[in-house]
Amino acid sequence: MKNKFDVVVIGGGIIGCSIAYYLAKEKLNVAVMESQQIGNKATGAAAGMLGAHSECNDLEIFYPFARDSQKTYIQVQEEIKELSGIDIEHRKGGLLKLAYTESEKRSLNEILALPTVKWYRAEDVKKEIPGISPDIIGAAYIEDDVTVLPTSVCHGFSRSAQLFGTSLFEFTTVISIQKNGSSYLINTTKGIFEANYVVVANGVWSSSFFKELGLEHQLTPVKGECLSVYSENISLKHTLFHDHSCIVPRNNGRLVIGATQIVNEWNEKPTLSGVESLIAKAKTMLPAVTDMKLESFWAGLRPQTVDQRPFIGPHPNDENILFATGHYRNGILLAPATAKMIRDFILKKEIRKDWVEAFKINRSCGTSTSVTTC
Amino acid sequence: MKNKFDVVVIGGGIIGCSIAYYLAKEKLNVAVMESQQIGNKATGAAAGMLGAHSECNDLEIFYPFARDSQKTYIQVQEEIKELSGIDIEHRKGGLLKLAYTESEKRSLNEILALPTVKWYRAEDVKKEIPGISPDIIGAAYIEDDVTVLPTSVCHGFSRSAQLFGTSLFEFTTVISIQKNGSSYLINTTKGIFEANYVVVANGVWSSSFFKELGLEHQLTPVKGECLSVYSENISLKHTLFHDHSCIVPRNNGRLVIGATQIVNEWNEKPTLSGVESLIAKAKTMLPAVTDMKLESFWAGLRPQTVDQRPFIGPHPNDENILFATGHYRNGILLAPATAKMIRDFILKKEIRKDWVEAFKINRSCGTSTSVTTC
Amino acid sequence: MKNKFDVVVIGGGIIGCSIAYYLAKEKLNVAVMESQQIGNKATGAAAGMLGAHSECNDLEIFYPFARDSQKTYIQVQEEIKELSGIDIEHRKGGLLKLAYTESEKRSLNEILALPTVKWYRAEDVKKEIPGISPDIIGAAYIEDDVTVLPTSVCHGFSRSAQLFGTSLFEFTTVISIQKNGSSYLINTTKGIFEANYVVVANGVWSSSFFKELGLEHQLTPVKGECLSVYSENISLKHTLFHDHSCIVPRNNGRLVIGATQIVNEWNEKPTLSGVESLIAKAKTMLPAVTDMKLESFWAGLRPQTVDQRPFIGPHPNDENILFATGHYRNGILLAPATAKMIRDFILKKEIRKDWVEAFKINRSCGTSTSVTTC
Amino acid sequence: MKNKFDVVVIGGGIIGCSIAYYLAKEKLNVAVMESQQIGNKATGAAAGMLGAHSECNDLEIFYPFARDSQKTYIQVQEEIKELSGIDIEHRKGGLLKLAYTESEKRSLNEILALPTVKWYRAEDVKKEIPGISPDIIGAAYIEDDVTVLPTSVCHGFSRSAQLFGTSLFEFTTVISIQKNGSSYLINTTKGIFEANYVVVANGVWSSSFFKELGLEHQLTPVKGECLSVYSENISLKHTLFHDHSCIVPRNNGRLVIGATQIVNEWNEKPTLSGVESLIAKAKTMLPAVTDMKLESFWAGLRPQTVDQRPFIGPHPNDENILFATGHYRNGILLAPATAKMIRDFILKKEIRKDWVEAFKINRSCGTSTSVTTC
């Protein structure tokens, strides 16, 4: 077993695997340490919306970063298919962000100003989606906010990275990280590994490495529960979105209903109250959904930072330790752009200054009333 | 493959398998024809309440029959364990039929008059079950309305019957039944079988044989959906019952929440509206249930007759064709008594006259305003 | 509920749903009667190989028919995606029919003569598929024998047909078919339907309608068991095929290992001996498969005729009753061509004579030593 | 949330939960920290054999300890049923340790000398178990080596402990343990807890705490894979055992086939080679098992020490840190005796000297050729 690497990535979710892929393409010698199985935690629980517009509340920083990531997926799809044979289900159809009140409509104004977003009147939406709620007053249609199948993206990155030489260690828990001269010793259940760079990318569980590495930053788990439903009689081509909930059609004709937001909850199993609230939300968008058959249910933990922006960048005191976590609701969307940024940090390439500042570890977390360290 | 039998039973649910068992014990040569797998349809979907009292709305006929069946289960448990090694999970703890209003309390008066039923005041129920709804005014406690695990009862009957010589044919669809002199030819996907007696016992699907055998009787499917939930922090020892819904604790600590009643529905898969209504009902009994984790979900079809009593007895024009179906909400409870009655018809033993009349095929279906043939 | 149709199709597998689709496109008013759920029996159990070449042992009749069907899938994929949003996973990569001995290589000579089939020497195969068995002497590479995801094809046909007006009745068992003047009464668990044409397309269960409709033809169930396996470290792009077994890569990176052939077996559940033989066969093709993790397992029943050709055509004495069944190992491959042929019978269009003769109900079944009615 | 406890137990498997139960009964204020869900790792993967005799290769130390634990289960069953309503499926029937050769028979001589073990000749075994392998020459019958359902034991302990006041923290990872004056700070993903005693009882994952707490001891994961199978036609009342493999009947009539032994394997998912070897082993005991249907499959990691004895006792340099791990193949069997021993360490009660010596952390590991620290 090889145990010396250029880079050890901790975490085999979509963030860790995309980083491994982009580094391995540059001929770096990479290992991924995953305590369970590839893509089985938050990644496997995500609905897969690439909501650069629909999840956006900041056109200055978040939007261009998210948009870059969203566009990168077109190339990711082709490369991964070619290399690994995996289809990430990059799916046309776009997203309708529904408005039920004038106030909701107004809140869409900012994105409606973008050339990529169009307003559809209620009658147009109803024509396109016969079962849509009669209560909507219209919807913002965003053609580019498409969806992918998150586990397939993650497996695609993982296998493609391996084809470029990456080593993958599943069922391998990292116990500690120790400085050892100019390199690091990564102590795991499978023995000790050595690396020049360590990238911490294991979602909400990255917290424990913050503390170990002398940082005070916190990640809060925000549990998200989902349902998968089916019906032979209902076809949906567009993602429906309202009030942080969505109904996402899959390539096999099933619909995914997601997702709850239970703050500070570590339990990864859906509860009855979660299921109840998902059904209630889905009904307000597509009333006929109540006739659909339940297929399965699951949950995952989103890693949330104080200002809800990810941590992407080096440790304040040690540039050979990098973090890529805290992606909250947008881990799938932001994976390619995050990976490219981590790659560029390691390769000392230029990176957009405002992104570096916005996502660095020791940034200030401004709110209307206070500014603190994140 | 043996193809001549004293009795061919159509249907390998709990009714068919209990009949096979009671006939085989009398040294009759029996075959069971099951189109899918033993106990996988309505039997496998049942919560397993032996609600002789709680499901009773007729102390004259239904209650003594149900009570006889309920008592027989004590013996069934021992025999099946001894013969097949299967534990039917005949589980102590009894049932609390909850009352939220004076009117609901009054409706319990009839069963409260029985020596087997006691009234518990709200404070007593709350002491026994800390999480019970604060809105109850009390409950009828029925110690003898215990529960069993329906699939285990059915498998236990099936295997014990086989140990007494019964032949079991799974994945065998009966296509037609034809008179052949003094016997019958049962034409199936696995070939033709011959029998002196045929017992039709395949639940709501018995309808098709009614028609084929010249009868006009109808069975209506009443779909019932269930959930199984768990939580390390909640223990329940008693079944809770209210408004046709129940929460049943299992031997492994899980709770079963049952069951919806969707009349004239053939679809055997749970829908979101079913799940939603189960959660709503369970909350009214045990509010903390919403914190429990969802484990699984399923549905089955209860066979309902016009007067909601089962059909148990011979074809009006042919005493060698018998029916045992239409048990609606009480197939598990009534299986042993039904089987003994069918056994006694075939062996020409004496049977309680009022039961024969109440469950015969060509009875009149009285309602307050009309009397018709069932 | 509408109960009069131009055509009632019995069976909601891939054959029935493709027929409904091709008829509905011609503006016929169609209903599909499915006793369980769409695509859940043999269709859902199939690996999805479109083996026009690899399954071929008859270049005169079977091959052109199969090849036509295979080519039609290209169009099917586009139409279904456009109409229903379902992706049938028509997957490039082709198939390698492995040879381990000179005798096996010789048996490939006939198809190697076709322009669509190429011989790869062992070293070439090993370069392309590093984990391939070292014992092969080469393989026939068939680029056009691609795969689809059978359930998605079936759901895609079903939903697209509905968008063209087809009515779908799931959980609806057909009890009998009766002539009623110039039309038919189809008696089902959901009531009586009327149709001008009836198409019997419910796989091996079609047998019971043969008998009812006065025919002596038999269908034999040939059970096929499959496994799904996965491993982060193994990527496969081509289907491997040897001795009636295959390893099929899916779009999500999993491999399907199929399928056993248990003749005259109605049981639809995999046994340990089936699993054992699948593992043994897969090992001979891809030894590293034994390190892969088991994901799931299932089985289905192929409908086999005496001469292993399907029945496609009208009842010998009644051209308004048609059969489309008996597709044995090739139901997925042949679905589109079968559907077009049934469409053309109903629309009285011209059909290739040799196909009509080869697949007609009352054909002679020639073997080397005897000729009988199929 | 309470965060000060007398004892914090790390690990919510059967060892941790039984310890919590026995401590809570003594009115100690206990918390259990489980990183996932109660009983879901090695505990949930175990077959549940209480093989005090069949797993014994040491009559002096192991046997009396194991036998004490085995006998304790009788009381455990009653207490847990009474307290929590959970039935641990303590199941009569005993175990047959099969012999195929004279040499295998001789190796049974030691346990056959015990009054609790009897020799059955081949013809007697065949009479009792008609499907048994014709190749056996006899079997040791051990009436007291019964089975339990491990998850139910674990849930029963967990809930009963909670009824005695224990706090349970699921989905809570322990990051570090720090001395803090006379108590300990347990740093977890859910915050910091304080305790006077810490018990490390999380199976093979205890290794990481060894290192953190200054110990060099190693635990090796030995993966065990299992299958669950069923058949309506096969009933088994006794456990069959041969060559470290077993076939265990469950209360619901299913059989569990266990277990492989893959040394130094952290992957918790069954592979095809594991499944293959389980089928092969089961066939040698009960040939008809190959006709049984596969129901499910799973795996778990046994924690193995160098001398294959558990670690039960205090840290060599700190008596307030205790270990209860390394139970290898016998975690279920030894849970009650382990828990009583840990209780007695904490309560400073007398404990059998030879057990203390045999299971202490800093013992010598003798083999025929060398003596080292374990």
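Residue numbering begins at 1 within each chain, and the chains themselves are lettered A, B, C and D in the order written.
What we mean here is this: a residue touches a chain if its C-beta (ideal position, glycine included) is under 8 Å from a C-beta of that chain, and two chains touch if they have at least 3 such contacts.
Here is each chain with its UniProt name: A, B, C, D = glycine oxidase.
Quantities reported herein were computed from a predicted structural model and do not represent experimental measurements.
Colleague: Of the chain pairs C-D and A-D, which one is connected by the greater count of C-beta contacts?
Modeller: Taking the two pairs in turn, the one with more contacts turns out to be C-D.
Colleague: Of all the other chains, whose mean CA position lies farthest from chain B?
Modeller: Farthest from chain B by mean C-alpha position: A.
Colleague: Return the distance between the CA-based centres of chain A and chain D, expressed in whole Å.
Modeller: 40
Colleague: So the centre of each chain is just the mean of its C-alpha atoms; given that, what is the distance between chain C and chain D in Å?
Modeller: Once rounded, the distance between the two centres reads 48 Å.
Colleague: In chain B, what residues contact two or more other chains?
Modeller: Each of 37, 170, 267, 269 in chain B touches at least two other chains.
Colleague: Can you list the residues on chain C that touch chain D in the complex?
Modeller: By the definition above, chain C touches chain D via 227, 229, 267, 269-273, 275-276, 279-280, 282, 289-294, 297.
Colleague: Going by the contact rule set out above, which residues of chain D touch chain A in the complex?
Modeller: 37, 170-173, 175, 187, 189-190, 205, 207-208, 211-212, 266-269
Colleague: Quick check: in the complex, which residue numbers of chain B touch chain D?
Modeller: Interface residues on the chain B side: 37-38, 84-87, 89, 91, 93, 149, 151-152, 155-156, 158-159, 162-163, 168, 170, 232-233, 235-237, 249, 251-253.
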